[in-house]
Each structure stands twice: as structure tokens, then as C-alpha cells.
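Below, each structure is written out as C-alpha cells.
After this come two complexes, each holding chain A, first together with chain B and then together with chain C.
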Partner chain A sequence: MLALVANRSVRPYLLLVIIAVALWIFDRGRGQFFTTATAFSVLQQFATIGPIALGLGLSMIIREFDLSVGGMLSLSGCIAVLTGAHYPALGVALAVLCGLVWGAFQGTMMVWLRLGSIGVTLGGLLTLGGLAYVVTGNLSISYPRMDVALAVNNPVLHVFSLRSLVALAAFLAAAFFMARTRAGRDVYATGSDRRAAMVAGVRTAAILPAVFACSGMLAALGGALLSYSLAAASGVALTDALVPATASAIIGGVSLTGGKGTPIGIVGGVLVLCLLSAGLNAIGTPPAVQDVVTGGVLLAVAIADAVDLDPRLFAMRRYWAEMFVRPAESVRSADTSAAE
Partner chain B sequence: MTDQVLPTALRYPWRVPLPHSRRGRTLVAIRVAALLALIAIAAATPGFFTAVSLFSLLNTTSFIGCVAVGMTFITLSGNIMSFALSVTLSTSGIVFMAVLPWGLPIAFLVALAFGAGLTGIQGVAVGYFRANPVIVSMAALALITGGATLITQGQGVYPQGDAAAALKGRLLGIPMPLAAFILTVVLAQIVLSFTRFGRQLYMVGSNWRAALAAGLDPARIVLGAYIVAGLCTALAGILMAARYSSGDLELGLGYDYSAISAVLVGGTAISGGEGSAIRSLVGAFLIAVCQVLLLLHGFSTQIQYLAIGVIVLFVIMLQTLADAD
Partner chain C sequence: MAKKSGVNVTAAYTAEAVPLVARDAAADRDEPGGNVASAVAVRHLSKSFGPIAALKDVSLDIGSGEIRGICGENGAGKSTLVKILTGVYRPDAGNVLIGGAAVSVATPRQAQELGIAIVAQELSLCPDLSVEDNIWLGSLHVPFLHKRPDLRRRAAEALALLGAGHIDLDTPVTNLSMGERQLVEIARLLTRDARVLILDEPTATLTDIEIERIFAALLAVKREGRSVVYITHRLAEVYAICDRVSVLRNGELVTTTSLKGLDRSALIELMLGRPSDEMYPEEARARGAPALVVEGMSLPGIVNDFSMKVHRGEILCIAGQVGSGAAEIVAALAGLVHDAGGRVTVNGRPLKLGSSVRAAQRGIMFVSGDRAAEGVFRRLSVLQNLVATRLRDHSLLGFLRGGALRKAAAHLAARVGIDRRRLNARAEELSGGNQQKLAFGRSIERQAGAILLMNEPTRGIDVGARAEIYRLMRGFCEDGYALVMASSDLEEIVGVGDVVITLYRGRRIGHYRRSEVSMHRIVADITHPRETTP
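== the complex of A and B ==
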């Protein structure tokens, strides 16, 4: 049981169960939460945040951070809406291709010019955001194919939709790839210790562009399908998706220090966030509460993962002991530790 | 004796300190070439030097400039950027407007303290616990946005009367925001160049462990950098609220990106430890010049967004040249 709790990828599911039970207790037989409608709306939200969270999570697993996903989300939506009027699949394909090319470009620049990922992807975020404004002419453009919009969102098997099924398929593929292939192992190795991985023969210079290309593709896929489902696209987006995506990757067990976390864990993290928001909505709390909860979780995890947390806590405990508890004894122990 | 006391730059002001490495000099050459090209384009653009004076250009950048100076401290301290300065600006403006009935000086001080407090909490997390600065700022963005929306019910604050009129006037013939911006840049540069805190900030930003080994307290210095960032941002928030006579959560929308663009275009290194407040002033000014030039040549707003994005990306890529020494 303890091993289960300690497993980073299982933790989000435990959290999910706890939230579900809490909602059930709150609901108390009115049957408002546990309907197929709630499950459907949770999965629809999952389809929006999931792909971005997966891409971001992959970049965090190699100890980088892809800020550009927000820009890619809006640009790919615009590309898909503009080119997919006749052949919707073509629009998605072009958007994903754009994500692939841009992600690979960013990764290559990082390797080639030895730059940090945050700087390059910050430039990418601003450039992609600008491009999205340019291709739409600074307007909100509508997608003429309502049939596609409906097809993307129509319930399949009561709770799924085409959009959420695509997102789930992407997660399954990523989970298989990360757990069962050599390249997946190499990705983890790159994230835990890049130099050691390089010495061990991992081609880290190829892993970086590949992971960023995946991240770009996933963001583009999510953006294209989201714009189809909304039947509209515009240049305005940027960080709106970034914060929930980061939060769900972190809740899903991805470590900020790299090398830890799985796609299955990220699924759990996204579901936790979506269920929480659906539950809070159903209770009738304002949407701002969800911001506060997301922010609180992010801050807590950031501090829990912080480099100097343990020494600071130790120093604080010691200070506490010296000041208030047993002054004489703690001073003596401080002396002996100094002598060592 | 004076030879040893005065820094080289003051003893030989005509000597331009060029980097020693070849790549570093290439970087300087590219920067100078880009500047000359910009001046040439500006000179070739009819109406640039007549219709748009330097002064009014600076005037338009004063709000973003204040935030950029604050962001400079965070970037210099090695913590890249903060996503939460825009909401700090908006909420400081709201606090200022809410406290204004008690008098202008009190409102001014309370708003400044509020902004410094908001960023100071992030500074504790980033400095003392060494939490990831980007994640901390994202968390702060969500927390402050959510909290402020809950408290204000999403409504703006519109005070009765015009107690903030003094902040809308002119100081020695200069519009108040611009005067505040110039004052901020000068003060920030003095702090960076001539105080112990400033020099220590550079050291912490370029190498945390070396600073620790040299006996500094890097955590306290990072906290200081965040507090300064909060003060600058709150100042911008106060002036914006005074100008629009309202405190509103929309006030600072998108300012994080404008500010970090100005910081990076000015040539401050995103890895920390190199840069200055004056560079951020130059960066904000250059971006404004580019925008005006594009506008005068008939390009639309969306092209301006794209151009700024491409310039920032290019500038970040160029910084690899500076790391060669």
C-alpha cells in the first residue's frame, strides 16, 4: 500500500478517487455529479488541456520547459480553420506539420547554440502568437463547417467524443513509447542526468529536438481540434492554457528536476484538474476559485520540489529548538556537529 | 592613488570596453549594425523625425518601461522572468484606487507596499527555498488573478472625485508617467552600479554557488530583487490607475511579455548576471521605434506583434555569442 502511495504515477489517481468521493458525499443522493453528462464534460475538458499537458510534461521530463505551447495552440487552430474548410483532415495535418517543424527548429537551436529552453521557447511563444495574429488578420475567424464541429464533439459511447478519443490515443501511444521502447528510456536518461546519458551513449543532441517536435505536434493537434469544435479561431491565447497544463503535468507526477513522470500519470493529473473544475462548477463556486486552487497546488508543488527546501527546514527546526525548546542541549549538539 | 580608486571606465572614458573573445566582438558588431540600420530606416522614413519626437515615443513606453526595469532585476538575479508582474500591476492599481479616499500619500505608499509584498512572497519561495521561478510566477499569476477576482467580484474600482489629479499633471513640463519612468531608470541604475546590493545582484545572477562561497547571502539578494520588481511594477500600476481614473484587472494585460521583450532586446542576458536598467530603457525605446516605423510604413498591428516576436527570438539566439568567454 505504501509503495502505491509512493509511486508518482499512482498518486494522481488516488487524488482523483478522493475528489470523487468528496463530490459524492457533497452530492448525497441528488445524483447531480455522477451522470454521464458530467463524465462527458470532464472528458471534453480533458481533450482541451490533455495534449498540451502531455507535450509540456514530456519537455519537463527531459528537464526543459516548452513555453511555446500556448502560441502553438492558437496558431495551429488558425491554420486548421483557414485550410481545413474543404478537407478537415488536411487542416489538422497542416497544423500538426507546423507544430512538428517549429518544435524541431526550437530543439535544434537549443542544441546547436547551447541555449536554455525557456529563452528560446519564450521567443517562440511571442513569434507564434504574432504569426497567429498575422494569418487571421487580427480578427476572430469562424469555421464554416458546422458538420465537422458537431462530428468532433458528438458523444461516442455516451461519454467520449472524437476529440477526447484522439487525446486518449495520443496518451496511450506516448505511454507505450516511453515505457517500452529504447528511445523512451533514452528520454528518461536525458532528463535525469544529461552528461551521464551522453557518456552512456544516448544521443541527447537528437532527443532534444525530437521531444520538442512531439510537444509542438501535440499542442498543434489539440489546438486544431479545439478550433474545429469551437468553429472559430483567433490569435488571442498565450498563457491561458499554459497554467492549467503545467499544473496538471505537475499533479500527474512529473518532476521539475527532470527524469520523473509518465504519460499515464499525466492523464491522472489532467483528470484531477478537470474533475475539480467540473465539481466546483456544479457546487456553484465562481470560476475564480478554480484559479486559486490551481495556483495553490502549483505553488505547493514548486516549493515541495525546491532545491533548498530541506536545508531551510532543517535550519528552521534547529533555530526553533535553540530558541524555545531545550536551549542547553541543542547548543551542545550544535557544538559537537561543528567539531565534526 | 586615484588610478587605483577610479574604475577603468571613468579613467579612460574614450576607451570602449570591447569583449575579449572574437564571438563577443561579433555580438557587439551585430548590435551596432542593427542600431545603424534602424537609424538609417528611421532617417529614410518621411515623418519619423518630425511627427514623432523622441519625447512622445518615450512617453508611450513609460508604463511598460517601469515594469521592464522591475523585470530587469528578476532577470539579472538569474530567475529569467515573472509571469505575475501584469497582475501585480493591475492589483496595485486597484489597491491604490481603493485606498485613495484616505489621501494620496497613504494610497501611494500602501499600493507600493502591496506590490512589493506580492512579489516579495515569490522572492522568498525563489530565493530562500530555491523553487523554480517560472512555476512560482505562474502559480502567483493564477492565485492573484483568482483572489483579486473573488475580492473585487470582477468589478473595477472607480473612486469619487479626483484625488489622484496630482499624478495626472506634469513635473517640470514632463508628463508624470514619463518623469516617473526616467526617475525609476536613474534610481535603478544607481542601485545596480553603485550600491553593494547591486554588485551582489550581478554576482548572484552570474553564479549562485560562487556568490555563496564568497560569503554572500544569495537568498536575501534574490528577495531584494523581487521586492524592487514589485515596487517598480506597483509604481506603473499607480500611474496607470491615476491616468484612467480606475483600478481594473485588465490594466496590465500582456505586460509580462512586453516587459521581458524590452529587457531582452536591450541586451540583458536571459541567463542572468549581465545587463542594466538603462539597457531595458533602450530596449523599450527600440521596440517603440520599430512599432512606429512599421506603422508609418503602413503595416498593420498584427505585423508589429510578429516583428517583436521575431526580434526577441533573434536576440535570444544572438546571446549564445556572449556566453563564449
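== the complex of A and C ==
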């Protein structure tokens, strides 16, 4: 059981079960929580946050941080809406292409100029967000193809939609790639210890731009489909997906120190966040309280992830015992006798 | 003594060893032409960096199935030679021959293709990846879908050949000991069909038992007909494992010679180019008052009921293998172990352990052997490093007084023997020995009765710089310091300790004065402790 909790890919799913049970208890049999509507809503949110969380998670696995996904989400939505009126697929393709080019550009800059990802992608976030205003002329532009908007959103098998199925497919592809392919292994190696990977012969200089290109493409894909589903795009709306995406990657078991985490774990992390939001909504909790609950869950996961949690807890217990409970000497002798 | 017991271990491992894929040996035999005996050779290699000649006209022949030791002080050209062989540097003149034919080794990747591989001091394993993934990491022959049964089998075979068949291929490398990691690294090179393995100071962080395993593994590699280039500062290891030794000095090859009939002091003389003067300074003349008294120290899970008494003007050496608790005792005294218990008295007043700030206020200084993590500030200048602990003495109203700092730093540099012209150099540009001197210089206190703690103070430092550091330590003694040193280097323990306390798995085994100490007894204590303690 403990091994299951320690497994980073399993933990988010345990959390998911715990939260579902808790919400069900709070619902007190009113039947507002366990409905297909809630499930559909969870998966719709998943489709919005999921691709960004995956891209961000991949960048965190190589011990970098792609902040620019927030801006890419806005810009790609605008590009898709502006270019996809006749051929919706063309709009998506152009948006994804834009994500790929921008991501590769950022990664290449980091490799060539030895830059840190936070600075470069923060610049990217602002630039792309600004560009979204520029291309829309600071207006909300509507997407004329209501048929596409409906097709993207219509329920499939009651709970899925085309959008959430695309997001799930992206996760499955990423999971296979990371677990089975040499390149996936090299991505983990790069995040685990970049110097060691480089010395061993991994081409880390190619891994970095590739991961950022993936991250850019995923954000663009998510942004394009989201704008189609809203039948509108503007510079304003979409930049605040960054925080939930980061939170879900962390809840999903991705480590900020790199080399750890799986796409399947990130799915769990995103679902935890979406379930909390949709579930609390369903049982009628005010939005501000939702933020408090979500923040609490994230904090708990962050604490559980502490590198040397056990020794620190031990030290704290000891400190408290010495300060407040018993005089120092008696604690010492008790501990030594226990050790023997 | 250690080496005699080692031979048995070696025999046990080699008996179990399984030959690696036969195909490799066949490929070696088919190698065309040239000098059959020499696997790799260099001819008239020269390399300069600006005005400094790092290598001057060096020629070497390393035979198939030979283990060749390379000795020399820091700056003798060993690492330049290695970097040319592994394609990091290109020589200004001369060339590299493989199987008698001149080849170009322009990049590390080319070196890998030519079968030249290196185990560097810093290992290149990724801690979160499994052993199997690490073994094949970066190999040119892994297909895109990399989980293949035949790759797994070959990884297991390579580990078995090295006597490390017990290592689970799926466990993350972060769970392995340093010695096991080294074996995984060597296994990686074997799967890459390396014909020449270069090992750069492979044993610096290993225990004696792990070293024996590495030696056994190298002998297995040798029996496969592959060659090993073994670079070390520990001369005992050269005698234990190498067939011949090449000595470099100031970029020139002094000699390549068989080890038979060459005694240790002759080898040191070849390295230094002068008769080896007093390596270890004489023992402390007089003992002062007890400066540090430790009673009943316990570190949960590591050390039980450890006591000692250190007098001013003497060097007390805690001898133990890595993991015996010697290093942890020193760290605890420095205040770096949060759950340390026991009574500690410094100059007659009790000290509560567990805070490095409190320890420093009482005049306890700590010089770590882990220079990269706990030693000098690598990015700061020599000057900034030297005055780092005494900024308050040289400031006015919180503003630093540049001139006074510079003067103080120059004084300290002279005291520890660092060229004062290097005050503005960054610490990371200094050699390991000089970095360690820097750490000593920073620790010089004016406070009377100061205590200097050291953990493996000469790890990875060459013979010449070692002697200087030992002299420096003796100088501290004469100034009334009490010195406590944890070490696993037998020669050093016997050479510098005025009092030696031996430790085995957290238990104090023996206590010797300088006159009673012998290498034999210490080895016996730290490897096979007797039941009764004297």
C-alpha cells in the first residue's frame, strides 16, 4: 500500500478516489454530484487544461519550465479562428505549426545562448499574449462556423467530446513515447542529470528544442480547439490557464527537480483539479472556496514531495519534544536506548 | 596486508566471471596489420595552451590485455593525454594509433566508435534511470523502440563479467552504492565494445571492499584482452593492479617501467623529479590542555557511544572505511548532523551539537573533503574565499574596506602557500590541492584554542600538494590548534595522526598513540575488528 502511495503515477489516482468520495459525502445523497453532466464537465475542463499541463509537464521533466504555453494558448486560438473559417483543419494546422516553430525557437535559443528557460519563456508568454491582441486588433472575434463549434463539443458516449478525446489521444501518444522509445528515455536522462546524459552521448542539445516544440504544439492544439468550441477568440480570455496547468503537473507527480513524472500521472493530476472544480461547482460551493480547497490539495502534494521529508519530520518532533514536553537529556537517553 | 586479503577476493570474483559476447574477441583478431601487441599507441604527442606546454613529445604503447598505470602530479599532463585520447582535445602534433594504424579522434563520439572509453571521476549515470537504461544510454546501436530482450541480456552479461550480476537491471541508479555505480559505468563501456578503458581516479570515493571489486572487474576486463589505462594518485593501487606504469612530469614522459624492482619511494622520486623529502612532518612535540572532549556521542543508526579527547597541538585521526561513521562524527562536531546526541566540551565549556553557527562561534572550523559541495565558493575569487568568514573584522559601519580585505587576504594566502598573484582568480580555476589550501586559509582563526575538523582532507589531491597540506596541518598544531581528521586513507592515517582512533560500523575499536600505530593494526581494526578493545 505504501509503495502505491510512493509511486508518483499512482498517487494522483488515489487522490482522485479520495476526492470523489469526499464530494459524494458532502453531496449527502442529493444526487447533484454523481451525474453524467459532472463527468462531461470534468472532461471538458480536462480538454482545456490537459494539453497545456502535458506540455508544461514535459518541460518540467527535463528540468526546465515553459511559461510561454499560456501565451501560446491565446495566440493559437486567434490564429485558428482567423484562418480556419473555410477549412477548420487548416486553422488547427496553422496554429500547431506556429506552436512548433515558436517552441523550437525558444529551445534553440536556450541551447545556443545558454539561457535559462524561465527568462526566455516569460518573454515568450508576454510576446505571444501581446501578439494575440495585435492580430485580433484588441477585439473579441467570433468564429462563424457554429457547426464546427457544435461538432467539437457534442457529447460522444455521453461523457466525452471530440475535444476531450483529442486531448486523451495526445496523452496516450505521449505516454507511449516516454515509456517505450529511446528518445523518451533520453528526455528522462536529460532531466535527471543533464551533464551525465551529455557525457554518456545523449544529444541534449537536440532534446531541449524538441521538448519545447512539443510543448508549444500541445498548447496550440488545445488553444485552437478551445476557441472553436467557444466560437470566439480574443487576447484576453485564455492566459490564466498557466496556474492550473502547473498545479496539475505537480499533483500528477512531475518533480520540479526533473527526471520524474509520467504523462499518465499528469492525466491524473489534471483530473484531480477538474474534478475538484466541477464537483464543488455541482454541490454549490462558492468559487472562492474552490480556490482554497484546490490550493490546499496542491500544498499537501508539495509537502508529500519533499526530498527528505522523514528526517525533517523527525528533527521537528525532536525539537518540539525538547522545547516543550520534556527536558533535553531525557529525550536523548530515550532515543539512544530506542536505537539500541 | 590489505592487498594480500584482496587477492583472495579477486580470485573469487574472476572464477565466477562469464565471458562476454564472443563476437567482440573475433572482431579484435581480425584487426589488420601493425603492431599486434599494442592496442592503442600515441606517437610524439604535443599540446599547448597558449604559452604553456601541457604535453611535450609523448609516446606510449599500451598493449592488449595490459593494465597501465599513469602517474604524475597534478599538472603533469595526465588529463590532457586522456582528453586527446577521448577526442576532447586535438593534439598540436603527433598522432594516435589504434592497432598500429594512425586514426583521427576528433570528437568523443569518434572515440566511442574507435573503442576508446573513459570512466571519469564524475560518473555519467542518470540517477532516475534504471541500470539497464543507463547502460545503454547514449549508445549508437540502440533502436528507436529501445526495450529489447537482446539488449537486456547483453547488459546482464556485462554486469556478470564484472562480478556484479547481483545488481537488478530495473532498479534506479540512485539506489546503488558508489562502487556499484562505478561497475555499471564500466559495464556500459563494455557493451560499447570498448577496447581501451581509461579510468580516472576511480577509487577516490570507494571503500576498500568496493575497490577490491573494481580491481576484480578490471582483471576480468584484462583477461578479455582489453586494455586498461589506470590513472590514480594512490600509489598502493598502482602496485596492486598495474602491469606497468608510465610516469609523466611537466608534460613529458619520464619513463615507462615495469613495477618489479621499483619501490615506492623510487616511484615518488620519478614523479616529483627530486628525492622525496619528508612527506609527513614529524609528530607534535608537546601536548597542551584538552581542547575538545566528547563523551557518549551517538548518531542514530550510525554511531553508538563514541568518546574521545583531543589536546591542543595534536592531530587526532579517526580511521574508518566509508560508512563506518568517521566522517559523520566529524560532521556532527561541526554541527551538521541534526539528531546528534552526547556530551561535548570545548575548552572546558559544554557545547550543544546540531548547529553549525553555534559550533563556529566556539572556534570550531570544518574543512571538508568534498570541495565541490562543502568547500570553497567556486565562482568567487580567491580573495573573496579567503576573507569570507571575517568580513565583519574588515568593515566600517557595514561597508567593506577593500584595502584592508586585500591585505588580510594576501597575508592568509602567504600563510597557506597560495601565490598572491592569484588572488583575483576564481576558485574553480585552482587545482584541487590549491582549493583545499584555500579552505584551510579561510579557517584560520585568531581565537585561542580553536579546533579544526577535517574530513578526508586530501581526497583527490596529488602527492606534492598532499605533503604541503600535511605541513600546513602541522603548522596549525604548533599554533595551538587541536586537529581532528576523519580519513580512510591508510598511508595518511599512519603518517600524520598523533593519536589514531579506529572505527568499525560506528563502534570505536582501537586507540593508538603515534608510537604504537601500524598500518597492519589499523587495517585489522577497520576491516575485521577484534572482540576486545585495548
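One rule holds for everything that comes next: the second predicted complex is superposed on the first by the 289 of 340 C-alpha atoms of A that agree within 3 Å, B and C clash if a C-alpha of one lies under 4 Å from a C-alpha of the other, contacts with A are read in each partner's own complex, and residues count from 1 in each chain.
Note that contacts are C-beta pairs under 8 Å (C-beta built on N, C-alpha and C of every residue); 3 or more make two chains touch, one makes a residue touch a chain.
Because the structure is a prediction, the values reported are computed rather than measured.
Enquirer: Mind working out whether A:I250 is in touch with chain B, chain C, both or neither, as first, second, both or neither?
Expert: In the superposed model, A:I250 contacts chain B only, not chain C.
Enquirer: Touching A:A197, do we find chain B (first), chain C (second), both, or neither?
Expert: second
Enquirer: Who touches more of chain A, chain B or chain C?
Expert: After superposition, B is the partner touching more of chain A.
Enquirer: Quick one: classify A:V159 as touching chain B (first), chain C (second), both or neither.
Expert: The answer is neither, since A:V159 touches no partner chain.
Enquirer: What is the contact status of A:G137 with respect to chain B (first) and chain C (second): first, second, both, or neither?
Expert: Only chain B is touched by A:G137; chain C is not.
Enquirer: Taking the complex as given, what residues does chain C use to touch chain A?
Expert: Residue list for chain C touching chain A: 108-109, 112, 120, 122-129, 133-134, 137-140, 142-147, 188, 298, 300-301, 304-305, 338-339, 341-342.
Enquirer: Using the touch definition from the top, list the residues of chain B that touch chain A in their complex.
Expert: These residues of chain B touch chain A: 80-81, 83, 125, 128-132, 134-136, 138-147, 149-150, 154, 219, 254, 257, 260-261, 264, 270-271, 300-303, 305-310, 312-317, 319-320, 323.
Enquirer: For chain A, which residues are in contact with chain B within the complex?
Expert: 65, 67, 109, 113-116, 118-120, 122-131, 133-134, 136-138, 235, 238-239, 242-243, 246-247, 250, 256, 286, 288-299, 301-303, 305-309, 312
Enquirer: Show which residues of chain A lie in contact with chain C when the two form their complex.
Expert: 180-183, 185-186, 188-189, 191-193, 195-202, 259-260, 311, 314-315, 318, 332, 335-336, 339-340
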